[in-house]
């Protein structure tokens, strides 16, 4: 059975910095990844595109950001979709929650990754967390028989925010992305509106690899991404093979 | 390579209620389990043995508790050892920390399980946590080259205390023990000094199974034990097979 | 002066599992209990009723759930009312907050019991907490002279959620329900759409009784329910008779 | 049966500022109060006595502090004892823990009051918390049959530290001390080495009374002391008379 | 360059009790202070004005409250404005968030002060926190180039709520207001609808001065106000002159 | 009056990675810095020195580490001292606490910097925190007249641990070290036993500079170190010049 991963970002480039390696790893292992953006981030994080050409229309900026994310997604091996809800501020309504719940129910992912509950540096990020939290609950029900179709509750993680400590982010899961790190670098290079982040997140991959080595003693981990789980995991043994 | 699990209990029966199923699961899967008690619990939790026969010597009580734990360990498939440090209160010295560090270094477990950091109902339980915390650090070093022999830092969990909420226990890992639950019941039956706990922990296995089903949707989980991880895990993918 | 208790559940059966014994105890002691449901839970937790008869209309399901709750309330000795706001998801508006504030002002309870602030397994439960929090504030004012009629701020508790540790529930108050436990069992039996919960919550009553005995040493407590207080209590002495 | 309260202060005057009214209230209601100081505070808080007369011996300072506490205790209606363990820093050994456990076992209090777990302004205060925590556990056992004599576990509170927010103090229990506030003022007046605290704690009584009125609406509470409970309470009903 | 401070209160008198001294200090030092109220508090905290004259119209009450705040602001040396959004409950819409974001962008303060994130005693206070949090983010962007005009992110504090411990308030910054305390008293005297608060907050100034002296050893601090910072500060040295 | 900073590290190289820039900044501004190591870290972090030459004696390793720290201290502009208490594990006695309290009392620093309260990767780091906490209290007293000589309580910070999120480190204070960053690099180069850390901490300086720019908008900050304050600061205004 194919493993399925859903990544939900508030803006169309969030996934590449924060989960690009993890996406590529799942794809490499034969899994299916749906990379869903709630907005294009056309206002809050496209300043470089506006500076290049102040006469661009909002639609042109969105089109450029769509192309960049499709290109990066192709490199990582995932499908890209954008709900185009607008950014800075993003507005979430009951209808939009229901729209996302339907997407989750249809895709039936094993795992969902999204933003953290808190992020003092961006009003859209915690909102993305909230809408994912509620839509995930509505798609899965309370774990009991219900009046509507339900899926099994997906495992649910938050990816790393830009300033982790100030966003209450305490990582509990590190993913070794050594084998796909070149793909992540290539995917980050597609995001030319935020190029200054490429070297920042290249360094971060190295630092999180250092942390993973210190935590586990496994010297083969050169690069890593880290996550915070929002629900417990259910295992078949406390010493699984995957604690490789 | 054989998987190795070390369980450290403050008293010689702690493991059976709190990790008996998880031990049996590892053994069933071909792993090796060292079941280490820091004391026999001859004072704090052997009241029934003293009531039976007030003339028993302390050594007789220890002997009886040793036999019960060996019998239960044989059922679960693990080796039992006791350091006989005394209980209620247990006294921990620098030498005893070093003794435990040596045991950890020699056994080189993949995973260690012990008590929680807090437990308002038993002074020995948090002490066991502290001595394991320090001994684990001393056996593994700071993740850098050191003047002494080091092992890879074992993954480290706390098992469930008797009153979880009041001990700051928030489970993040559930182990399906359905296939070995009969063994756990048989092992618990060996502990005749604390027989009243057998039905309590049989019920708890069922309740934690209910929780695991609700969290994951996996209907095959009938019985579970749950744990709190004290260090992050390092994985090869975010959708591993073991999230079965 | 009659003691008055208000119980606010998101769905029409929540009260019976979580506070049924405490309600019966207050009634037995001559108090008055208003048992208020914000919705019938006709979507999220009525799967069994729909399975029995897929052709049932929503109104028939509501009617069945109303009858079950009235029957159970009669056994426990309280009055049952439902605001019928819909479930999964429940929608809360400013008008609905004001409606609840009016009910609280009119009933003027000594104590309010409702859900916890967090519950990762049900989107309606935290919403019920929020609406009670705000309506209670609006009914009581800020403790100073106001432009509107005010009541004394009721003492305010959260009852136990299905997975307490994952909902941030740390109990600080246990109620001995030994003398009314048969009534709770009978009331739970009325909820035939969720029959699987009856044995679960019967066991929980026993477990919480065990905890209460260990905390206090009082051997007469066989069954208990537990709560988390959301506001301080004001006492006449630190060794009151009621710490029986 | 007489209600019994044990108050344990690190230094011989701590009780009067932090629990003087609550002690007087229990005494007034016919209860028995043992007021136990672990030290005289002869070094850390007796500067005024040394300034008055730099030639005083340590023993003279202790004697003066003993007399002041006996005088204040007589006003409040409790018995005063001091273990004279030394202050700033206080040294706690296993023998001293056992000494306190024996005192608790012999007195068998319904309620114990002591310092908070944290207090960044005084190294002796958290130490007093720790020794009470452990001695209380040793006197009561783990709630199960043991090899030694046990008492029922006393209810356990922390009193208010000088800088509550910085000491992690969140009050959950307010005691109305209006009827005995004059006694508290008279008792505080006995502590002439720390006279500057009398007006501070008179004001605090008024402020906590204001808070209690706002929380409950009860206008008759003029003065209050507040506490943080360290263990749950077991009640016979959720609307007890004592929530007066 | 003139230092600029923005104070945002939910109701038109909040600033005077909680930040009056700090405002006067900034003004005295040549800074500019904008004192912004989101509402007049005409319902929740004007009971005395209604009692005086039950026939007053809402507009008359607002006018009286406006005059009192202007008078107090003149004493403190700041400009007073009110957005008149209504109170108890205050309703916040996306448009009102945008309105406040525009005000912040136009004034471009160095520092913003508002309520705490939690306040169980007043539903409008946490709402004021939320609207300031979001408007501040929208005015400053995410610290990267954006499609809209941005200001530097202001430093951001919460002032002290009426019951600090129950509102999660842990002060990390004390401001010495000794030199302007007479002005604060005079400003508080203007608020005749809440006269009972004047002595309360006079005492609080003294108590917080006591705390500041104990924390720092600086005996010259007689009166203080305290705050909780919501974002880190960036300093040029770890031993700045301002830690006077 | 000269500003004085005391830095206390568990091992003789801790200061350079974690506070080297902040030390150099204070020195550059004319302040005096005492750089105190509790041990040489001869066991836990000198593996490279042992690998170079397995025949080295412990004393030779200590001597080498002393020379490296003196060289680095000379570059940063501070005085280096080592108490040589031994490492991995470090043992702290009452006498050693008193020894450190005397050093603090004699030096009378304005600010103390040391490790964090928690650090799961090194048993000596939290111990250093504890001994500093207690020694600082003993040197300053409880803020009241005492029987012994006292200094004003120094401001107290924790520097950044190697894995900040897992050590409970939430930075609240960033120091701009741009002007002295070359000195920090040169000082780090002296520590040839831990060379692999030089690039790690060079990157960290850049990352924390990025964070400081995002927090404040101040583009001139290229490199920063960050800290967590353990006690509140007392300021003369809420918009000080030093928030440059």
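For reference, chains read A, B, C, D, E and F in written order, and residue numbers begin at 1 within each chain.
As a working rule, a contact is a pair of C-beta atoms (placed from the backbone, for glycine too) under 8 Å apart; a residue touches a chain by one contact, two chains touch by 3 or more.
If you're wondering where the values come from, they're calculated on a predicted model, not measured in any experiment.
Peer 1: Touching both subunit B and subunit C, which chains are there?
Peer 2: Touching subunit B as well as subunit C, we find A, D.
Peer 1: For the copies subunit D and subunit F, give the interface type as same if over half of its residue numbers appear on both sides, and as different if under half do.
Peer 2: Here the answer is different, because the shared fraction of interface numbers falls below one half.
Peer 1: Would you indicate which option in D-E, E-F or A-B repeats the interface seen between B-C, with over half of the contact pairs matching by residue number?
Peer 2: Of the listed options, the interface copy of B-C is D-E.
Peer 1: Centre to centre, by mean C-alpha position, how many angstrom separate subunit B and subunit E?
Peer 2: Inter-chain centre distance comes to 53 Å.
Peer 1: From the mean C-alpha coordinate of subunit A to that of subunit F, what's the distance rounded to whole Å?
Peer 2: About 37 Å, centre to centre.
Peer 1: Would you please write down the residue numbers of subunit A that are in contact with two or more other chains?
Peer 2: Touching at least two other chains: 121, 142-144, 166, 171, 214-215, 231-232.
Peer 1: Just spell out which pairs of chains touch, all of them.
Peer 2: Inter-chain contacts occur between A-B, A-C, A-E, A-F, B-C, B-D, B-F, C-D, C-E, D-E, D-F, E-F.
Peer 1: Any idea which subunit B residues touch subunit C in the complex?
Peer 2: 121, 162-166, 169-171, 200, 203-204, 206-207, 210-211, 214-215
Peer 1: State the interface residues of subunit C toward subunit D in the complex, per the touch definition above.
Peer 2: Listed in rising order, the residues are 3-5, 22, 25-26, 29, 31, 110-111, 113, 140, 142-144, 151-153, 155, 157, 171-176, 212-218, 221, 224, 226-227, 229, 231-244.
Peer 1: What residues on subunit F touch subunit D, complex-wise?
Peer 2: 94, 97, 133-134, 137-138, 141-148, 230-232
Peer 1: Using the touch definition from the top, list the residues of subunit C that touch subunit A in their complex.
Peer 2: Residues of subunit C touching subunit A: 42-48, 50-51, 61, 88-89, 91, 120-123, 166, 194.
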